[in-house]
Amino acid sequence: ADKVVLQLKWVAQGQFAGYFVAKEKGFYEEEGLDVEIKNGGPDIAPEQVIAGGGADVIVTWMAAGLAARDKGVKLVNIAQPYAKSGLELICPKDGPIQTEADFKGHTLGVWFFGNEYPFYAWMHKLGLPTEGGPDGVTVLKQSFDVQPLIQKQADCISVMTYNEYWQAIDAGFKPEDLVVFNYTELGNDLLEDGLYVIEDNLKDAAFEDKMVRFVRASMKGWKYAVDNPEEAAEAVMEAGGQDENHQQRMVGEVAKLIGDGKLDPVVYERTTKALLDQKIITKEPEGAYTTAITDKALQ
Amino acid sequence: MRASLPWQIALVLLAAAAGGVLQVAAAGDGGPGNIWPALGLIALAAAGAWSMAGKPAAQAILLFIGAHGAAWLLLNGVSGHEGRAGPSFYLALVGAWLLAWRCVSVLSMLKPASLGGRRLLGLIIPLIFGAWVLILWEAIVRGAGIPFLLLPPPSAIAERIGVSTAVLAADFRQTVLKAVLAGYIIGCASGFIAAIAADRFVFLRRGLLPIGNMAAALPIIGVAPIMVMWFGFDWPSKAAVVVIMTFFPMLVNTVVGLSASGHMERDLMRTYASGYWPTLVKLRLPAAMPFIFNALKINSTLALIGAIVAEFFGTPVVGMGFRISTEVGRMNIDMVWAEIAVAALAGTLFYGVVALVERAVTFWHPSIRGG
Amino acid sequence: MNAIASHQPAPAIPIAQGGIADVVAASKLSLVFDTNDGPVQALSNVDLTIGKGEFVSFIGPSGCGKTTLLRVIADLEKPTSGTIMVNGMTPEQARERRAYGYVFQAAALFPWRTIADNVALPLEIMGLSKTERAERIRRTLELVNLSGFEKKYPWQLSGGMQQRASIARALAFDADLLLMDEPFGALDEIVRDHLNQQLLELWARTNKTICFVTHSIPEAVYLSTRIVVMSPRPGRVTDVIDTNLPLERPLDIRESPEFLAIAARVRDGLKAGHSYED
Amino acid sequence: MNAIASHQPAPAIPIAQGGIADVVAASKLSLVFDTNDGPVQALSNVDLTIGKGEFVSFIGPSGCGKTTLLRVIADLEKPTSGTIMVNGMTPEQARERRAYGYVFQAAALFPWRTIADNVALPLEIMGLSKTERAERIRRTLELVNLSGFEKKYPWQLSGGMQQRASIARALAFDADLLLMDEPFGALDEIVRDHLNQQLLELWARTNKTICFVTHSIPEAVYLSTRIVVMSPRPGRVTDVIDTNLPLERPLDIRESPEFLAIAARVRDGLKAGHSYED
Amino acid sequence: MDSFRSKIIPVTTLLAVLVVAWYAFAVVLNGPFQRDLDRRAGETPGQIEFLMRTWSQPKPTLPAPHQVAQNFYKSTFTVKPWSNRSLIYHSWVTLSSTFVGFVFGAALGILIAVGIVHFASLDRSLMPWIITSQTIPILAIAPMVVVVFASIGITGLFPKALISTYLSFFPVAVGMVKGLRSPEVMHLDLMRTYNATRPQVFWKLRAPASLPFLFASMKVAVAASLVGAIVAELPTGAVAGIGAKLLNGAYYSQTIDIWAALVAGSLVAVMLVALVGLAGRITDRAMGGRPA
């Protein structure tokens, strides 16, 4: 079987259920692939791993992928299982923020490590400076949890619909206690969790073929996961996930974000524009995605 | 006097010869330039230094010029040919490096009469060593074409430091001047006080030390988020992490140091019916100083690590740790290394200051009196 | 710190129950050290009284327990059995009242203090004023002929100079009881003679009580009102000799027949304690 | 490590350029210590030759440079100016050939070694076999009367016993040149007499050369073939006295008029170096 | 051991004080959010009820001792020791790389100290850079190390132990340089008179004289090694080990899990430090150490 190493962006959890299911259910094997899934962590940059030859294909956010491409690691998006973003900003209803207009002069929790671009793009759109002061917003680099909200260190915090949102709920917030700003609904979403490979590798027909089979099996896995969240959560637990109930709920939420695996050029354009506006990347990317793989894989 | 051939020089000549042969063999495949002049310079410097045995100063100067001239030629030659360096390039590099090594050995054997001369030498030797860490890094990264994302060359880092001084200065202020200093002082002081308390009261000694040991392992990653909860996300929480990290080394070393005074000296104090505190201040603390400075030195580096790592959790958007983790995400690896360079510089200076104070305070200890 | 050094409240013992003049009163004093290869009987059944104003020398072969006895008096060692009183109190109470000054067999100077500061140490602990300290330091360093070395560190002095510095330190302390463990061992005859005279003069002037360990028979005879001869394995007192020499003692008293007779008696006692048969 | 301790190749110097019999040959030897409050002239213009088989005593007031001179001979201190040869070599070469055994003024025992192991130290370094070591340890410890204390640690011994252990260590080394810095300072008369005789016997039997620092005039006269009298500030040699006593020396030679005459001369030399006017 | 018994009462007393303070602290820290919750729910609990609630939040800011104890008990004694949920398993994973890292770190530290004490050129050229190396934040380079090793196929214990080594060699090196230079001048002179070789001076004088410094440093080093192992567990994908437990706890805001893992980590630390201390005491006794 052909060996493929997949580097995830984060620890084993429902967010990556499709890949775990594909492996567990033997979908990769059916395609003649021997896939090794490497978990990520809070300071694993998948872009670094693939640049160092530690992986064949990685899961990452498009903003980070394009930033890496700008720095000389020629990453190419070959598939986009996540059609929508799961990112949102939540604020307690009894706090000072009810609408976008209330942001001024308040503290907002944001994830960094390459996850900050959608937020800055949004603020850019609202014309809010992010250096603090009465006319701008103060940015807090948020840790993994929802404590800043509980502790009132921030007026709003970033969460994923499928993960931290539920932690807030677990901590005692009720859905009706929260004001939610969903990036997708506001049209501010930048593409998350795509599959990326090194451009030069694609010139090799054998590698391209391998990727076609990989994407095909992965999307099959995603489809299965969306249809069978319980079994998918099982596979996640098998791979080292924590807290079965939480994973089940996560798979259920993730299911709402998964698409057919094809990249939407409109969102791609929005992503590149946002990055250019913020000078995260210096030039318009070219050839940063290809539909060739998905075209072949998902007829 | 015909001196024996130092092994570094022998290897240099060997490397230069082998490099020449390989360069002839590989001629014309478009690798890095300047190999021939570099090889020539290296061989010349090696032969020259060998013939000048007995005149160490002149030898050192020649070796210095040879090594760094060749390095400069090689680095110039490789630009534009990244990732295409062949064995002859590396052999020339090794040759130049061995020259520098020989240069440092010759310099270490010098014993300048004047104090100023010794000081200068004490500065030059580590600088040459450090320069070669950077030269080898630059040459290998560029010669082998290592992706920028994995390891940027020092030149790129230096360039980034030049461009981003304002940001680096702000981060330095936030992390070092606020979190590290406050945490270091409080941490060392509380470790010290805990040690004294444990020494003074048998009850505390039996109870506090095991519990103090527990604090030793409180992993920063576990503690940092908790400190953020307790002390907010600005620098006080980072200082708290530093306090926890520096507490234990100070506790352990002070406790050991307090038992380091001699028996006869302690008996002497007993004959004066000297109370606990006078004995502590006049005998046991001075005798413990070598140990206490041990802790102060170790802590000077631990404090920096602690503060930076603590910033990987909740922080305002400034600080060295914040910058490092954020810029990794943005693939600005040169910025990451620029911060690391600043951290290294600050830490080394910090350590150096502590070591100087140590020399002044424990001048009487054999480790300092003896050289 | 060992058990001895720990701070226990001293048991209440009636003060001056014997004659007020007894500075040291030991009876049936024994001390056994436990070592890795068995117990060592350092002192065995020592009975001894020293009155106020006496100058008592202890002499005996190396290892016979002289130092140990001095340490017991100084409360640096606890006897295994027997009783001992110092100034009518337990040694611990006496020590806590700073009843004595002690000169150790080795100099025991603090390396981080200059010579002057080393001499100042006990004075600082007693809380003397700076000017008072300076005066005493000057006087005692002059006494031991170390003027001019105030600012040197111990390792910059010769062995004999270190020994003299430690004597100066004990004299500066100015206690009524002086315990001196071979203070003049590292000194040459001339300095020794000089210091012997100084010490005698000090003793006569101040009515101090002095316990003095020495290896020199003439020194013992010259200085003392009484000589305690000790013997090893087990450490015990074998002879106590009253010298009865006049209080006024020029150096050439050492050639007088009375002097030589006492010296001979001490030498005999000493020889008896040795295992050499020459 | 200081400059002295660093390993430089010794400059090639012709061996035995003077008479082969000269074990120590110093000329115009000076040594100045730099201290925090100015330079100290520890040795000034010392000229001295010691022939093979001599027993030379050094005597002089405390701080006159006796220890320093011995340390220069032993290559533990580098002279500031002047030349010195040991066995016709530089002191460094001589040291590297293990030309001498050294007894320090203080015992300098390793606290983590038992007495037997302390004596074994130089033997281990010379690479002697275990049985050979055991034999020498037994013999030398017996010589200094420390049999039975093999397994004790230094802090379990009295001051005099520690001193004797360190003498045993030097004797076990068995070098042709012995440098002894007040080896018997902490010992009583009887042991001292005994060891004096033992040392003389050893010297006569083995034709060793001995440099011996002492504070005792009788000891110096009794032991030596030559006495070097030194004087301080600056440290210098003021007198060199040949004793010419017969090789066979019973202890009572010390009462003979020749003996006393020499002793008187030494005492006068010594007094001259002192600042006391008594 | 008799000293063990004499420690029990002081340790338990101090722990009791700590626990009481902890409960009080939990009220202070969890109180505000509890009030928010109650207010949103429109409830007004009594004093006692309020205290109880602050001590039983599912995701408290500071979990109460009994919450941690329950969690600790559950994940230590009620599950199979080798299962993924067992703290024993995770402690073992961390302990093994801590140990390997510490052994290598101590060895490396001693080696470096020996080199520095014996070669002036090393002292001058290497020491400043060793110091510099320690100022590089590990968490920044740990992933790179792990990535580099992973790309050449080395994973698991080794990269973690390497981080531990990196953190633990430094205290040992610094302490040993001091210790190896601590022999008395006269003892060094004595060895010189024997013309002892450098190895002889080292083995017979410097090494024994340095032991107090070595053991003090090793206590610090073993703790540092544990910290290193835990840190290194994060980028390895956080599958096993105390670091992984901490991370997962943090990632899902399971503060009780975090604290249980912290307790486990601390226990491991106490054990390691105590072991080093014991080794130190045994050596001291073997070397005729005088009872203090």
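To keep things simple, chains are lettered A, B, C, D and E as they appear, and every chain counts its residues starting from 1.
By definition in this document, a residue touches a chain if its C-beta (ideal position, glycine included) is under 8 Å from a C-beta of that chain, and two chains touch if they have at least 3 such contacts.
Per UniProt, the chains are B, E = NitT/TauT family transport system permease protein; C, D = NitT/TauT family transport system ATP-binding protein.
Because the structure is predicted, anything quoted here is derived from the model rather than measured.
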{"item": "Steps in the shortest chain-to-chain touch route ending at chain D and beginning at chain A", "value": "2"}
{"item": "Mutual neighbours - chains that touch chain A and chain E alike", "value": "B"}
{"item": "Label of the chain whose CA centroid is most distant from the centroid of chain C", "value": "A"}
{"item": "Top chain pair, ranked by number of contacting C-beta pairs", "value": "B-E"}
{"item": "Centre-of-Cα separation between chain C and chain B, whole angstrom", "value": "54"}
{"item": "Separation of mean Cα positions, chain D and chain C [Å, integer]", "value": "29"}
{"item": "Inter-centroid spacing, chain B versus chain A (mean Cα positions, whole Å)", "value": "38"}
{"item": "Geometric centre distance via CA averages, chain E-chain B, whole Å", "value": "22"}
{"item": "For chain B, residues contacting two or more additional chains", "value": "150, 225, 229, 263, 312, 325, 328, 365, 369-370"}
{"item": "Contacts with 2+ other chains: residues of chain C", "value": "1, 36, 106, 153, 155"}
{"item": "Where chain E touches two or more other chains at once, by residue number", "value": "61, 120, 139-140, 143-144, 147-148, 184-185, 188, 234, 247, 250, 288, 290, 292"}
{"item": "Residues of chain E that touch chain B when the two form their complex", "value": "6-7, 9-11, 13-15, 18, 29, 61-62, 119-121, 124-129, 131-141, 143-144, 147-148, 170-171, 174-175, 178, 181-185, 188, 212-213, 215-217, 219-220, 223-224, 226-227, 230-231, 234, 242-243, 246-247, 250, 258, 261-262, 265-270, 272-274, 290, 292"}
{"item": "Residue ranges of chain D touching chain C (in the complex, touch as defined)", "value": "33, 35-37, 40, 59-63, 66-67, 105-106, 145, 151-153, 156-161, 163-164, 181-182, 185-192, 194, 197, 215-217, 267, 270-271, 274-276, 278"}
{"item": "Complex contacts: residues of chain B adjacent to chain A", "value": "147-150, 225, 228-229, 232-233, 312-317, 322, 325-326, 328-333"}
{"item": "Of all residues in chain E, those that touch chain D in their complex", "value": "120, 184, 186-197, 200, 204-205, 208, 287-290"}
{"item": "Touching residues on chain A, where the partner in the complex is chain B", "value": "42-43, 45, 47-48, 51-52, 64, 67-68, 70-73, 109, 112-116, 130, 138-145, 147-148, 151, 153, 280"}
